[in-house]
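In what follows, chain A forms one complex with chain B and a second complex with chain C.
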Partner chain A sequence: MEQLNTWFTQLLADNEIFTAQTIGYYAHGLANTAQLVLLSLLIGLMLAVPLAIGRSSSRPWVKWPIFLYTYVFRGTPLLIQLYIIYYGVVFVDGIQDTWLWLILEKPFYPALIAFTLNTAAYTTEIFRGAIKATPRGEIEAARAYGMSQAKMLRRIVLPSAFRRALPAYGNEVIFMLHASAIASVVTIMDLTGAARFVYARFYAPFDAFLFVAAIYLCLTFGILYLFRYLEKRLLAHLKPQT
Partner chain B sequence: MKKLLTISLLSAAVLAGTAQARDYDTVRFGVDVPYEPMEYRLPNGDLTGFDIELGNALCDEIGIDCTWTVQGWDGIIPGLLARKYDAIMSSMTINDQRRKQVLFSDPYFTPPSAWFAPADSQITVPSKQTLEGKTIGVQRGTLQDNYATDMFGDVADINRYSTADDMVLDMDAGRLDIVFLDFPVGKSTLLDSNDGDYKIVGKMISEPKKYFGDGFGIAFRKRDKELAEKFDAALDTLKENGTYDKLYKKYFETKQ
Partner chain C sequence: MIDLQGYGPRLLQGAWVTIELGLLSLLLSIILGLLTATAKMSRSWIAHRLGTLYTTLIRGVPDLVLMMLLFFGGQIGVNMITDWLYYQFDIDIFININEFVAGVVTIGLIFGAYMGETFRGAFLAVDSGQIEAARAYGMSESLMFRRIRFPQMMRHALPGLSNNWMVLLKTTALVSVIGLTDMVRVAEEATKATHEPFTFLIPVAVIYLLIASVSEWGFARLQKRYNVGFGES
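After this line comes the complex of A and B, so read on.
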């Protein structure tokens, strides 16, 4: 341990880039990225569940507006959505004087809104697929028991749909983490923003970006591990029996 | 043919080595135009700009004549070494790489940076107190970014933009309290194109050297040490007698 410590101190002694200050920037960036991604995923998930149920409804006036929403947000790049929500709204006359400006003034909330709407659109479609794939037999059995529509959703359709959606949703979480790298274009100091800052300051692209890539890898590893654990717990009944 | 070339090159080198510094009664300047407001042409074709006027004033002070030769930037140092002209005064930043080839005068100018804020801003002098809790806009990775980060990073929010356009847009939107920009860029994007919406706050800043560099120098051939010294002395005189300030005001101060 002692040896490792001296080795580490020596390693850091003759570098000009990774000082306490720049490490601080990275730490700050990590906090911003984590906040953005976690919040947008959480809110997105809460939005996606009712939207997915609506999207699988047979009533056209419920189904089509939701389809339009997911189509627009899956059909345009997240970067464009972010630009519209951050820079575009500025051109609405007098928006600075309304309460909306409290939300839109700082870059954090516009980015959060863009990320949330985007991930909610993808998650809606993931869940809709899972709901649609509910075996007919399960639904017929629920009807035979005399369950109401709501009870059937709560007890039969959604629990099995969540399980089926889990692997695809894990991917969406990782995509969202990586998509959050564009937050730095609206001046948020996220992980990528910190890396770009260090790069521009020291003209050291390799050091700055390799370091941040390593952090993203660690985060992705954590997400993968979490979902593997969840899949093991929740999808145990699908494992081949020995 | 090759041999002949070698011989002539060799003799040229020997000649150049032994040639004595000579007295100049006319100094020919090489300059690359246009680079407003440092050097550019008036509509009638005459050369003008800060470099040109300062160069002429320096020659007057020394008591010699000057002429100006226009030369593209990429050939400007070779042109000096080939004696197409005797000095370069063309917003050339002093650096070690160029020092290997040419002799620089003392720096005569450092391109200034300036603070710009909306016309109704309360900030009069940027300092740690006045900028506390404010949002400062800079272009990412510029010397202005480094300066603002080190000086005010602990008290103010610093928003870093990839392009000056994004920054101006956010300034228009009211998301920024103040921006720190290269003066000519800020002048053209904020002052000239929006009449009266923005103003310069505080003085122009071109110190300390650590952030803003060595500035521009006049480049001479290495053996013209005497000539360079004459120009240095003349520059000191112009700075003392107010001629330099007058020119500086003419080109870098906006009417407020």
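After this line comes the complex of A and C, so read on.
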């Protein structure tokens, strides 16, 4: 550790911009970005599964409100959604006197809410497509076994739908990582926020933004390979037989 | 009607900027996309590698970061080139990058990579018998592109194209961050001035939905046109 530290200091010795301090900003930003992305994806996924089931339902009063939600959130820019929630919460009457204000005061939570609602809308549509693509024969077989609707969903429809949704969901994860860059607009110190800070401080756009672009690129490839591995494991039965 | 407190005309101007920006960068991205698709399908090793590098790099980095890099770095880069020209050859030029051009170039550059993938898939989907028939008729490469490849490719490319356009439209909102006065920026300024976020941000959201719905309708008509002769509509 000691050695690593001295090596690191020597490496940065004659660099004016990338000092241990600015690297610290980037590390802090990375932690913020990762928190924001992982939490919104996790909560979004938990919201999306019941919503997708509802969206595939034949009852219009279940189906249409969910359609409206996904249409609005997929049809408008995330930046607008973020602004509406970020600026909007302040103006809810009396919110400043409640305990909620302690949470919503920081920009992190409005951003988390906006990202979660956004990714939930996209994920709902991805899962709906996957549920719709369930082979009829599987459903008929489940019915023939006398499975109840819930059991059929749990044992037949959802497991195979999850697998079919995997490639599209991988894209959504990457999309979310990239979309999270706009968190810096509402003063969150995420990766992009750190880059903007370094840019403003040293007026060195290439150093600041190329470095952060490289980090994003590495993260994107990491996610890409993770999903490729998952697909190989979980979708092995769909590979062309040789 | 909602009271826009005098921000109405500016909001409309902003909407017009959004539409202009969207259409111009769409045009640029289609041109870049066609070039990229050609490069990626070419037999030349260098062209193929360059095309792949471009699409991989652009698609791995967030739009906002690329936009800031090109916008903040662009001017410095251009200045460096013009300075160099001045010292080397005594040519004195000054190029000032304005926000609108930077926005169009950045968005066009980003979506050129996505369009490239769409077009490549579509070109490969054209039945090879059609190309062979065109060759047998003695068509030149350019005539074949115009009459055979392009019209038949569009049928396969349109769904992806429409998808890219919808994402592009939403990406234009990001130019408000680098200082271009599109409708998002007007709405944000109005919100800060009047402390009424919903009055301005919700109409802007509705305009985005309207543009998206109109384009969806337009793309459905185009799809019908390019599907002529294929039985499905």
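Following the convention adopted for this analysis, the second predicted complex is superposed on the first by the 230 of 242 C-alpha atoms of A that agree within 3 Å, B and C clash if a C-alpha of one lies under 4 Å from a C-alpha of the other, contacts with A are read in each partner's own complex, and residues count from 1 in each chain.
As a convention for this text, contacts are C-beta pairs under 8 Å (C-beta built on N, C-alpha and C of every residue); 3 or more make two chains touch, one makes a residue touch a chain.
Values in this document were obtained by computation on a predicted structure and should not be read as measured data.
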Problem - Clash or fit, chain B versus chain C on superposed chain A - result: fit
Practice task
Considering only touches as defined above, state whether A:Phe206 meets chain B (first), chain C (second), both or neither.
Solution key: second
Exercise for the section: Check whether A:Val37 is in contact with chain B, with chain C, with both or with neither, and answer first, second, both or neither. Expected result: neither
Practice task
Determine, under the contact definition given at the top, whether A:Val72 touches first (chain B), second (chain C), both, or neither.
Solution key: second
Problem - Comparison of chain B and chain C by chain A residues contacted - result: C
Practice task
For A:Tyr87, select first, second, both or neither according to whether it touches chain B, chain C, the two together, or no partner.
Solution key: both
Handout entry: Contacts of A:Gln96 with chain B and chain C, given as first, second, both or neither
Key = first
Practice task
Please indicate which partner A:Phe197 is in contact with in the superposed arrangement: first for chain B, second for chain C, both, or neither.
Solution key: first
Problem - chain B versus chain C as contact partner of A:Met152, first or second or both or neither - result: neither
Problem - Touching partner for A:Leu47 - first (chain B), second (chain C), both, neither - result: neither
Problem - Cα-centre angle that chain B and chain C span when viewed from chain A, reported as a multiple of 10 degrees - result: 70
Exercise for the section: Once the two structures sit on chain A together, report how near the CA atoms of chain B get to those of chain C, whole Å. Expected result: 6
Problem - chain B/chain C common contact set on chain A - result: 87, 90, 185, 196, 199
Fill in the blank from the handout: Touching chain C in the complex, chain A uses residues 71-72, 75-81, 83-84, 87-88, 90-91, 177-182, 184-185, 192, 195-196, 199, 205-206, 209-210, 212-213, 216-217, 220-221
Handout entry: Residues of chain C touching chain A in the complex
Key = 57, 59-66, 68-69, 72-73, 76-77, 166, 170-174, 176-177, 184, 187-188, 191, 195-198, 201-202, 204-205, 208-209, 212-213
Problem - Contact footprint of chain B on chain A as seen in their complex - result: 87, 90, 96, 101, 105-107, 185, 187, 189, 193, 196-197, 199-201
Completion exercise
The answer for chain B against chain A in the complex is residues 140-141, 145-146, 159-162, 166, 169-170, 172-175
